[in-house]
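These are the structures, in structure tokens.
You will see two complexes here that share subunit A, one where it goes with subunit B and one where it goes with subunit C.
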Partner chain A sequence: MSEQNLNPDNSERRAFLKAGAVVTGAAVAPGVLLFGVAQARAPEEPASDKIRWGMLIDTTKCASGCDDCVRACNTENGLSGATGPQDSQWIRKLNIRHLKSGVETSLPMLCQHCEHPPCVDVCPTGASMKRADGIVLVDRHICIGCRYCMMACPYKARSFVHEPLTDQNPEVPRGKGCVESCTFCVQKVDRGENTTACVEACNAAGHKAMLFGDLNDPQSEIAQAMKTYATTEVRADLRLNTGVRYRGI
Partner chain B sequence: MAKVLDNLRAWGLLALFSALFIGPLTVMAGVNKPVLERGKGERCVEDTEFMRRNHMALLKHHRDETMRRGIRTTKHSLKGCVDCHASSKTGSVASTKEDFCMACHVYTGVKLDCWDCHATKPMKLYRPAATPGVAPQRVQQ
Partner chain C sequence: MPSQEFCLSPRECKPALFWTLLGVGGLVMLGTLASFFYLEHHGHVMTGMDNQIVWGLPHVFAVFLIVAASGVLNVASIGSVFGKKMYKARAPLSGLLAIAMLAGGLAVLVLDLGRPERLIVAMTHYNFKSIFALNMIFYNGFFAIVGLYLLTLMDRRLNPWSKPVGLLAFLWRLALTTATGSIFGFLVARAGYNSALYAPMFIIYSFAYGLAVFIVVQSVMYKWNNIQVDERILTRLKNLLAIFIAASLYFTAVLHLTNMYFAKQWEFERFILLDGGIYPLLFWGGQVFLGGILPLLLIFSQAGRNPATVFAVALLVVLGGHCQMYVTIIGGQAFPLDLFPGYAESSSFYDGVVNGYTPTIWEFLLGIGGIAIAFLITTAAVRVLKFMPQDDFKDIELTAR
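After this line comes the complex of A and B, so read on.
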């Protein structure tokens, strides 16, 4: 027996709640500035679990020949851009085709920043970790390079550094013998820029196929978009609750 | 006469050997203490005596705070060290044996692997390998 039958006034109650929500929303709206201040946290303030960073990729806007996001990532993080079997790729473009309908889709694939990351589950040293704000990272100080996480990741999002590196970006330390993957440009996020190099490049190219933001904040652009249209997790059957969502696949 | 010549030759050889082998030994007995270039600014973030003994503990603590919790204060950060102590000649803290970190670490024989991953030069000297918007060239191996 449903709750509605027990409470004949339920519809009225719901209407009241809805009205309340609208009023609260209006009251919160002028507080946008307040929210902005809260997001750009002070350097001494740790990452908060009130925020969950996520990304929404609209494959209907993603151009098949375009790799601006990939190049922007390489530049920001000091990757070589080479695509051999042993080269690091933090984000890569995939072209997929539906076997029956023949629909072709182009999309960027990167670390999905899962809520329940398999890489963290299998890591024998605790180097694979999820930060409070949902960003999945590798602590290279304790990574022993065993590559279990690379095998556990359903998205093939991780790379291993095989050769010694020089002239790294001071903000993105990387080196031989460690596994690495997309960091959601954590150096930018911690500066309060609250965006990533790939998203900036996609916007600059005018495609606007990528959105980065706080999934926990109902007012954020990404949360609003996810409320507006249906979005998909890749391999949702694994129930990892990914931070990266796709539209149109 | 031949005997005198032999003697002279023997003494000569002895002198040559001493010059070759004993000379360097005397130099090695007195290795110079490391000479450090003065960092930028008035003073270090902590007393010099304290930093000499404890810089590694501060760095290790700070690395975990930054890596695990996202705390990005600059006082005890490795980037902060590099910004002040990069050599005026090489622009780096560890590219030659005279640079700030290496001077002591070579002297004490303590290997450090911070610089396998971290940049030894300050941010202002960083040149990205790839230019924004231009695909980097594939490196042939």
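After this line comes the complex of A and C, so read on.
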């Protein structure tokens, strides 16, 4: 065999390898890039107990009458937005007025993602559960719809689905006969976006009254803010160590 | 023997009456099943229950039945555990009623679930921290233990076992009612609940409701079989009922006083006792007067020796018990949660307002289904087995002394 005869073979092989590399790269790169940018967990990887997701709400920045967070939550999670007594509300704007001073405050109220959640304690089947990263959820598969968690929640954070649902968001399964509540937009958290729809909406409106992050990470913005300002838990007397904290009340 | 009079001859067997009773019970059950399938299809949107009043009329009926079920077993316990012969004669009927009423109460709870088809999930997934899950174990155990107890009572060979098994059943029922009361007592966030008193209070309530139901059933059985109840028996039963009624009133008073005194739940107490609309009415008029004071007055009046009066007293206690459950369960939820003490609250989610509740026919049908189930089980069992209390008059002499 002469060298000249070898060259065409080699060039063909190179071309094949090059093409293969391009195709493989094109297939793998988006995943690798996404992982690199967002650090999403793989589906089989469990939530980490090194993280504790929390939220800080600055009531001094929360605008009275603004309900952008509520509408964003409804859109993200496929809620109708109706406010009848039987309709689900995962987040609501609560107006409070101090009985003596008359000072009025507006704030969003949602599941407080307690460290010691009464809903999880009372749930007979274990459907109400707290993830390792502090997010309190309802397992749609084993909730029997007894509503004891709704009796137990000090924050009135839970809703019962009273009628059949249609046009659901596939990422946020909901169903008639089950109890549900704010999930801290767990679908976004698990995608690595590490934010919630309500926080995004509040920021987009320019209020920046809501901050979401890892309470366990001393460098996180939320942990820094909680070191700087005095914050309060709602019904701190119950010692539930809530994941949602408020400033300005 | 009195029990055989029910069916001494085909003529006296009263088959028409028996089938009529089954028919009436069956009709009610039909309504309950219709309601269940209707709600199963459309959802709880068809009920008066909502995200504020999450437990409604079905729970009032169900919890009453469950509490009374544990209480009605007391009649047997007094016989087996404390050796009173007069009560021993009533032990089988007492055990039967306990099983029948628990079955009725639990059936209502299950039929009202958002996902009743997941009952098997509830039976296979236990969160042992949940008092609700522990209750399921207590309820299932209660069926088993009382069933066994009935066997030892009704099978002569097993008779010697009736005392130890009766003792176990007695202790089990105390634990069961403690757990049932704790369903409410453990609700730390709500002003109306969150009290350790709920456990002993529910036990006392169960004594009164259970005995009242027993007296109602026994009176009806005697009446239909033309049996005159001995006055001494009647006197003992009504006096015991009086003690239970008085104790129930005492615990009710203590609960509200502690709420006012050291828990400082003045707003809630004012709501439930004074200006809460239907709840003060049901509390004072239903639970306290019709279910407490009036029965006591009747028991100790001249007419108290009359079987008809005792029957009426027992019915009043049952009525008062339902009022108490309504005030406890619905009233406790109607009063708003106080997220920010010292603040007035308002929102689109009905914060800070008294929550209204108007039950629909569907909830009522679900609720009375529990009574229908208990009624059907009792009627059928009384027909086929010897549950009619039979007194040996020598024993009555002994007991009356």
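Just so it is clear, the second predicted complex is superposed on the first by the 207 of 249 C-alpha atoms of A that agree within 3 Å, B and C clash if a C-alpha of one lies under 4 Å from a C-alpha of the other, contacts with A are read in each partner's own complex, and residues count from 1 in each chain.
Assume contacts are C-beta pairs under 8 Å (C-beta built on N, C-alpha and C of every residue); 3 or more make two chains touch, one makes a residue touch a chain.
Only a predicted model underlies this, so the values are computations on that prediction, with no experimental measurement involved.
Novice: Please determine, from the superposition on subunit A, whether subunit B and subunit C clash or fit.
Specialist: fit
Novice: Between subunit C and subunit B, which one touches more residues of subunit A when both complexes sit on the common chain A?
Specialist: C
Novice: So in the superposed three-chain picture, is A:47 touching just subunit B, just subunit C, both, or none of them (first/second/both/neither)?
Specialist: Once the two structures are laid over each other on A, A:47 reaches subunit B alone.
Novice: Touching A:75 in the superposition: subunit B (first), subunit C (second), both, neither?
Specialist: Only subunit B; A:75 stays clear of subunit C.
Novice: A:100 contacts which: subunit B (first), subunit C (second), both, neither?
Specialist: second
Novice: Can A:162 be said to touch subunit B (first), subunit C (second), both, or neither?
Specialist: second
Novice: Please indicate which partner A:178 is in contact with in the superposed arrangement: first for subunit B, second for subunit C, both, or neither.
Specialist: both
Novice: Once the structures are superposed on A, label A:190 by its partner contacts, choosing first (subunit B), second (subunit C), both or neither.
Specialist: A:190 contacts subunit B only, not subunit C.
Novice: Considering only touches as defined above, state whether A:131 meets subunit B (first), subunit C (second), both or neither.
Specialist: The first partner, subunit B, only.
Novice: A:123 in the overlay: touching subunit B, subunit C, both, or neither? Say first, second, both or neither.
Specialist: second
Novice: After superposition on the shared chain, which partner residues are touched by A:238: those of subunit B (first), subunit C (second), both, or neither?
Specialist: second
Novice: After the two structures are laid over each other on chain A, how near do the C-alpha atoms of subunit B and subunit C get, in Å?
Specialist: 10
Novice: Can you pull the subunit A residues that subunit B and subunit C both touch?
Specialist: Shared contact residues on subunit A (touching subunit B in one complex, subunit C in the other): 83-84, 164, 176-178.
Novice: Can you name the residues of subunit B that touch subunit A in the complex?
Specialist: 63-65, 67-74, 79, 82, 116-119, 121-123, 126-139, 141
Novice: Could you please specify the touching residues of subunit A with respect to subunit C in the complex?
Specialist: For subunit A paired with subunit C, touching residues are 83-89, 92-100, 109, 118, 120-127, 142-148, 150-156, 158-164, 176-179, 234-235, 238, 249.
Novice: Which subunit A residues qualify as touching subunit B in the complex?
Specialist: 43-47, 67-68, 71-72, 74-75, 78-84, 129, 131-133, 137, 139-141, 164-165, 167-171, 173-178, 186, 190-191, 201
Novice: Flag every residue of subunit C that touches subunit A in the complex, lowest number first.
Specialist: 42-45, 50-52, 54-55, 109, 113-116, 118-119, 121-122, 125-127, 129-133, 135-136, 183, 186-190, 333, 337, 339-340, 342-351, 355
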